[in-house]
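The chains carry the letters A, B, C and D, assigned in the order they are written, with residues numbered from 1 in each.
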Amino acid sequence: MIAVYLILLIPFSGSVILALQNDPDRSRRYNKGFNALSLFCSIWLAVEVLLKGPLLFSGKQFYIDSFNVYLVVLTAFVGLTTALFSGAYMQHEWEAGKITPRRLRFYYSAYQAFMFTMFLVLTTNNMGLLWVAMEGATLATVLLVSLYRTPEAVEAAWKYFILCGVGIAQALFGTILLYFAAEQVEGIRPDEALLWTTLHENAALLNPGVMSIAFVFLLIGYGTKMGLVPLHNWLPDAHSEGPTPMSAILSGLLLNDALYAVVRSKMLVDQSLASHLPGYLMMGFGLLSFLVAALLLHHQKDIKRLFSYSSIEHMGLMTFAFGIGTPWAVFAGLFHMTTHSLTKSAIFVTVGHASQLAGTQRIDKIRGLINTQPAVGWGLLIGTLAIAGFPPFGVFASEFLVLIATMRDYPWLTPLLLIGIGIAFAGLFRHLQPMVFGPLPEGRQAIQANMTPVVLHLLLVLWLGISLPFFLGNWFNQATQLIAGSLPL
Amino acid sequence: MPMTLFFALLSVLMALLSAVSSWAYSRRALVEYLLNRIFAFDSSRLVKVALFLEPDYYARAMRIVPFCLLGVSGALAVLTGLLQLLGADSAAMILPFGLPGLSWHVRLDALSGFFFLVLGMPLIAVSLFGPGYVREFEHKKSLAVLGFFTGLFVAGMEMVLLADDTFFFMIAWELMSVASYFLVAFQHEQPESRRASFLYLLMAEIGALCIILGFGVLVTFAEGFSFGHIRGVALTPLWASVAFALGLAGFGMKAGLMPLHAWLPEAHPAAPSHISALMSGVMLKIAVYGFIRYSFDLLPQVYWQWGVIVMALGAVSAVLGILYALQQQQLKRLLAYSSVENIGIIFLSIGLALVFFSTGQSQSGALALLAALLHSFNHAQFKTLLFLGAGAILHQTHETSLEKMGGLIRRMPKTAALFLAGTLSIASLPPLNGFVSEWLTFQAALQANQLQSGVLRSFVPTAAAMLALTGALSAACFVKVYGIAFLGLPRSPHIAHARELTDRGMLAGLALPAALCIVVGIFPVPLIDGLRRVIENLTGAVLANITAAGWLWLTPAGAETASYSPGLVLAAFLAAGALGYVLLYRIRAVESRRAEPWDCGYGGLNAGMQYTSGAFSMPIRRIFDPVYDLRETLNQETGDSAGWRVTAIRYQFQADDKFVRFLYTPIGRSVTQSAYRLGRIQTGSIRTYLAYSFATLLFLLWVVS
Amino acid sequence: MAWLMAIGQPLLFILIAPLLTGWIKFVKCRLQNRKAPSLLQPYRDLRKLWVKETILPETASWIFSAAPVIVFAAILLAAAIVPLVAVNLPTARIADVFVMVGFFALARTFLVLAGMDIGTAFGGMGASREMTISSMAEPAMLMVVFTLAMSAQTTNLSLAMQYVLDSGLVLRPSFVFALAALMLVAIAETGRIPIDNPATHLELTMIHEAMILEYSGRSLALMEWASQIKLMLYGVLIANMFFPWHIATDFSLEALAEGLLAIVLKLAALSVLLAFSETLLAKMRIFRVQEFLSFAYLLSVLGMLSHIILEVYYG
Amino acid sequence: MVNSLSVYQQAVMLMAALITLTSFLMLGQSRLLRLVGVFAVQGLLLSASTALVAYSMALPHLYISAALSLVIKGLLIPAMLFRLIMRMNLHREMDTVEHPARVIIGGASLVVFSYYVCLPIVKLSTLITLNTISVSLAVVLLGMLLMITRRHAVAQVVGFMSIENGLFFAAVVSTLGMPMVVELGIAFDVLVAAVIFGVFFFQIRSSIDSLDVDRLSQLSEVEE
């Protein structure tokens, strides 16, 4: 449990230190260093959980179980690799004169602050703190979105801030209702009334009416952060206008954590409500987001917007899976969270390089990547294949399970899934192919790119797809049992 | 682990190795480093290593090595297949991959064994043909990419054959699709190959989803993912039909069954020829395997309605496929359409088998199924041969259009001779292998008398009539191909200067399938004997008397009903031929002399006077006009103002298939349009967005309370 | 004895075929009030061609020289499995009726290839038309065969004829259709009026002659001979499949003699019929042919359906 | 019945009513300066009611939150907004609402709706002040309505903050205060948010030299 403190302490102090650090390349190295440290600690924590099982400590304020432990590791890992990438990327931006040293300093500081909030979201046991951290994540990233100060960037940041702010406010209302519902139950001390563990133990006693309303607010609140249609409108703008590493961590981490929050709340509400209402709500939102995003993929002009819509689509699929709530589906959802965040952040890394290569984010200006710089081209192509759910990459396994699970419990929904996946696939590839394939466009020369994160992520996803390591499998299984109530496989 | 399974896994491994080794093609530095580390201790080896690493030598070696490994893989596959056909019993094991509780099951039984055989033979041919053929890419494109994905592609197909649970099956299946996608996109500088690869991957994806959902139904009822669980599953007729429809859509999409064939004539020509050979010769058969496995092994029972549907689809694909093939001017495109036709024939037989099995006529059903399997084997052989032949022409002349060819038989005699074998067998002429399978199909159709329902009894022969039409048309089609490409006078200068293949390997690659076409055509009995075992193992139906009359005789339904002895036919044919030869050239022969062709005394014969490919197929174009989406242009240049004296006439035509225009294009358009409409809701004004979330909130609150 | 017959019958085909052609010409001339050539004229033509030297076009490949042999052999094999004077022919077991159709296809293929080999306009034209016509005639033929095979429960020609013989005179609607279809197919396949005109050259409507235009000397003779055998073969098919009466069922001399006489008479009658039709009808435009053949195809399919609908009973 | 309540509780009810009233006032208010003023009043009312609850229910820790809200919501944020308006000399800017009548009616129906939604909650509770929860929900919804109807950035910020007020009110009055750590966190977030808003005004101003958010609609999916 020292590990947890360290995990929270490192990025916090990191953000303070980096805020004071002037020299860009030193702060770049520090940034990597802090992330490396927190990755180390998170692995330490993982081992601890693996040996001891769930941890609950420091006045029950922190709770680590099989549901969030691997998310902690994942967050730390993606944070590190993205930090590696952002080193090269930010260097390039700086030399290109797009940002001043002051903003660079701010960038690194905010990066660590964001990591801190992410870890807090995952580790805390207090629904209120979870909300605070989630809001904090917005505050940490919102000024990153407007880092370039272009009108579009400012606009995107404004929308991000307002929409997420309002959304998250709903979540707070939901939290208050949770607290209220808990207060109604005898034997819950007020200072423990917001602890997830407490709520979960007494979930059956919580008043269903309150809980259902609370869930609505929580779903809308965290759903806004997750980019569920029709609350998603900030997401493509924020992704496309901010610096690419930020898009990578937004897609890779923030969305995951928002989903994590939603699922945690669902676990509470499921217990108290007899009905399957939360499930239906999530299924509805998920399917809607999935289909709308899939269609919107088709007329994208901006490469980062393209992939942010694909993020929405995948979040929709996961929400749908958790909404179904049967063991297979939940397992698939958990698995998908992992593989999606790995793959998508890898894709954003390559996208960043690609757009630097072409000097623009406009899809119709990016051509013949494979001939221009094979590493980037292949990275983008294979990454997209992976995200489109082709084996042997991991995303396939989860989509497979989702399809099977849907066919099992809601067969009449399968045509929608079928169409959706088909449309999404076509939407991605009709834009992707001209970018990676085709003859070498004149006047392009290779740039100095750091493809290590991409290779690492894709290899990991490949590994997960070919054979899931036993401990991860166990955690997924336990988490599934926790969420769905029975073992999947 | 049993021997056969060991061989099978080994051949998968070999394919993967070949992928890796060709990756090394572009990683010379790395290899050098490794080898130097390995052989650091003694300098004598180091010298050899240095020799090996000398760039030109390294390039040549690395061009050949992957294909050698592929060849080994093919040989092992053939070995596996033969052992299985000779009655080795099926073997299964579990590989330590996959998800917890969802690990990869592999199983090798007679059916998959047979398809290993189907896969192995063309693979060997390709691995012989390949090294010579890829030389032309050497400086233009990366052989590493080509070889890498070829290896993966082959491995994927072999894994599909081995897979024994839904999860692993889908992984292998998709691996096959993706790898071949990269191969189709290999020459991605040409826009058409980009378009082709996109369409291909899209349809492959959708087909795969259909299969997954089909499996989903089975898994749901079986409560387990492995085929072992599924085999015993009990389904209501409704769900069974849903599962079957999904499977038919999925596997049919991959097999190129109409109307799901649109990707096929685009993708096959776009790929390099040896890949087209693999895709057309083998991959389509993997789809057939999947369909047979799915409907005869996994689904608990079959219904005659399914059979009728499959038969109808097969018949349509067969007839339309060959009709479209007839109008193609690009050789490889023509071959692709003819693959659609052959798949149609195969599915027709499968449908026949479904009808028979569902009505309890297991004997006849087994016969029809046997015909389907045999035709799969045959098609694998001659389509490989033809695609490789097209590759040879392409390699020597860089020409794909039939309109430009002609007279190649005098410039590439060996290729021409081998290609002729392919032509005759795909035109299903006796005594070659194509005829045997067609003959068996007819024999199976003749059993329609045993069917109780009159509807079916009249439906089956109608399908047979379609089959007959197909056979005749395909004969016309391939006579055209051979006559236009190899006979007559060269229609363009670069064809006139064509040279015969010099690379022995390429010739061998052509010769192997040609030899198989002839041998199987003349002595089909051993193979059919093996197939009998396959079908017995699959469906439990025992075909007692098909090979009862000995190794020389085919008696599908008893000697009384029908009998065919290709061997004796060949003997008699040779005798008669000898007689003719003696009459012609021996008895007081008058020596012949060469002279200018008579041509009814017109004289001045030149290439322009010949019938072109388009002209040859013109009557059929007119007769079957409705099935084509025909665009013709005829412009005349007249010498004088009055326009009486026509100096030049240019006629161009394009006969596309109607499905693309009336099915695929509308779908694509509708998707784009709806995306456009949907875009309107995202106005960009933040107040609208706030209104969205506000409305959502109110709505949900109203819902819950 | 049986095998002797098996060898003998093809030889008989080879010998009689030209005579049949002569006889048709003879009847035709008489019908058209012309003075007929002698019945032996075809033999004379063959002998004339036999002694002439063969001229190979410069552009000819080995296909061109091999074609006559292959065509002749294929037609001969087809002849070898069709009972002429006696049923229970052993060779009919080696290759059944489908194989016979296959042989026709084989012969046609090489004929067409030879036609295209030289690269003349006529060759290509004949080839294209031949394939077009056959691609519609062959299915019809197969359907006729189907009908027969279905009612006889066998595809073995001699057994099928045996069956028709044993079942005596049964009025089968299917056979009526089949017979009509087969006659039309025969006319198309053997290149007679109204599809093709064996007597013409240099007409743009010709088909068969156009393909063998470049042949001369013995090769031409062989080709002609083969086509004559084919003509007779179709005649025998029609005769023995639908009216097999008096064909020899054992190999006693009188039976054989009876069989021979019977077939000769039948063929004679058929050729009179053919001559009549050729005198009365005019040659069709090439694009009318499809209607003719699709009618034949229709008839054959109708025949089969009527067999299934009207003749098969399950009690 | 109101008269069955203690005077303090009646006072709390009154406060609740007043807060709702301020929300309505904001909804109708078109001058930015007055808008901020009304917002400040709301903040003050909020802290007052908190203090009242703290006193009536004898919950000392609520005094802290009262103080918090007084400082942040009542003084700090309004002052900040005020200074901004002055520095950007927006004090003359009008942000007229189109169809004010409809907006007001809509707001009223929102109050009814929120009461209807909260009914099940109100029923089950013993806590009398509880039906204030419907008031706080109404304040939240009115805040959103304000943001939707206004096109001026400052007005939107005010709306946002009044949503926060509503939440705070709910937290304090109807649940008698959340755990301290949470409240501190919330307060901190609100503060930072306010600062960031300040930053944004300048960024927006410099990028489109106006604070009209309708001009911020470059990024959209509508095909030109």
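By definition in this document, a contact is a pair of C-beta atoms (placed from the backbone, for glycine too) under 8 Å apart; a residue touches a chain by one contact, two chains touch by 3 or more.
A quick note: this is a predicted structure, and the numbers were derived from the prediction, not measured.
Chemist: According to the touch definition, list the chains common to the neighbour sets of chain B and chain D.
Modeler: A
Chemist: Based on Cα centres, what is the most central chain?
Modeler: That would be chain B.
Chemist: Max contacts between which two chains?
Modeler: Greatest count of contact pairs is found between chains B-C.
Chemist: Per the centroid of Cα atoms for each chain, what is the distance between chain B and chain C, given in Å?
Modeler: A distance of 37 Å separates the two centres.
Chemist: Determine the centre-to-centre distance between chain A and chain C, using the mean Cα coordinates as centres, and give it in whole Å.
Modeler: From the centre of chain A to the centre of chain C is 78 Å.
Chemist: Rounded to a whole Å, what is the gap between the Cα centroids of chain C and chain D?
Modeler: 100
Chemist: Centroid of chain A to centroid of chain D, CA atoms only: how many Å?
Modeler: Centre-to-centre distance between chain A and chain D: 31 Å.
Chemist: Specify, in ascending order, the residues of chain B that touch 2 or more different other chains.
Modeler: 676, 678-679, 681-682, 686, 690, 693, 697, 701, 705
Chemist: Mind pulling the chain A residues that touch 2 or more other chains?
Modeler: Residues 158-159, 162, 166, 170, 209, 213, 296, 299 of chain A each touch two or more of the other chains.
Chemist: Pull out every residue in chain D that's touching 2 or more other chains.
Modeler: Those would be 117, 120, 144, 147, 156, 213, 216-219, 221, 223.
Chemist: Pick one for the touching-chains graph, please: line, ring, star, complete, other.
Modeler: Looks like something else, not a line, ring, star or complete graph.
Chemist: By the touch definition up top, name every chain pair that qualifies.
Modeler: After working through each pair, the chains in contact turn out to be A-B, A-D, B-C, B-D.
Chemist: Per the contact definition, I'd like the list of chain C residues that touch chain B in the complex.
Modeler: On the chain C side, the touching residues are 51-63, 68-70, 72-74, 76-77, 80, 91, 93-96, 98-99, 102-103, 105-106, 108-109, 112-113, 116-125, 127-129, 131-132, 134-139, 142-143, 146, 149-150, 153-156, 159, 201-202, 213-214, 216-219, 222, 286-287, 290, 297, 300-301, 304-305, 308-309, 312, 314.
Chemist: Given the complex with chain A, which residues does chain B contribute to the contact?
Modeler: So the residues of chain B touching chain A come out as 96-102, 166-167, 170-171, 174-175, 177-178, 185, 188-189, 194, 197-198, 201-202, 205-206, 209-210, 212-213, 215-217, 219-220, 242, 671-672, 674-676, 678-679, 681-682, 686, 689-690, 692-693, 696-697, 700-701, 703-705.
Chemist: Which of the residues in chain A come into contact with chain B in the complex?
Modeler: Chain A reaches chain B through residues 158-159, 162-163, 166-167, 170, 209, 212-213, 215-217, 219-220, 224, 230-231, 233-234, 277, 281, 292, 295-299, 335, 370, 385, 388, 390-392, 396-397, 400, 403-404, 406-408, 411, 414, 417-418, 421-423, 425-427, 429-430, 433-434, 437-439, 465-468, 470, 473-474, 476-477, 488-489.
Chemist: Which bits of chain D are touching chain B when the two form their complex?
Modeler: So the residues of chain D touching chain B come out as 113, 116-117, 119-120, 141, 144-145, 147-149, 151, 156, 213-214, 216-223.
Chemist: Which of the residues in chain B come into contact with chain C in the complex?
Modeler: Going through chain B, the ones touching chain C are 406-407, 409-410, 424, 427-430, 435, 439, 442-443, 445-446, 448-449, 452, 454, 457-458, 461-462, 464-465, 468-469, 471-473, 475-476, 479-480, 482-484, 487-489, 559-565, 568-569, 572-573, 576-577, 579-581, 583-584, 590-600, 605, 607, 609-611, 615-620, 622-623.
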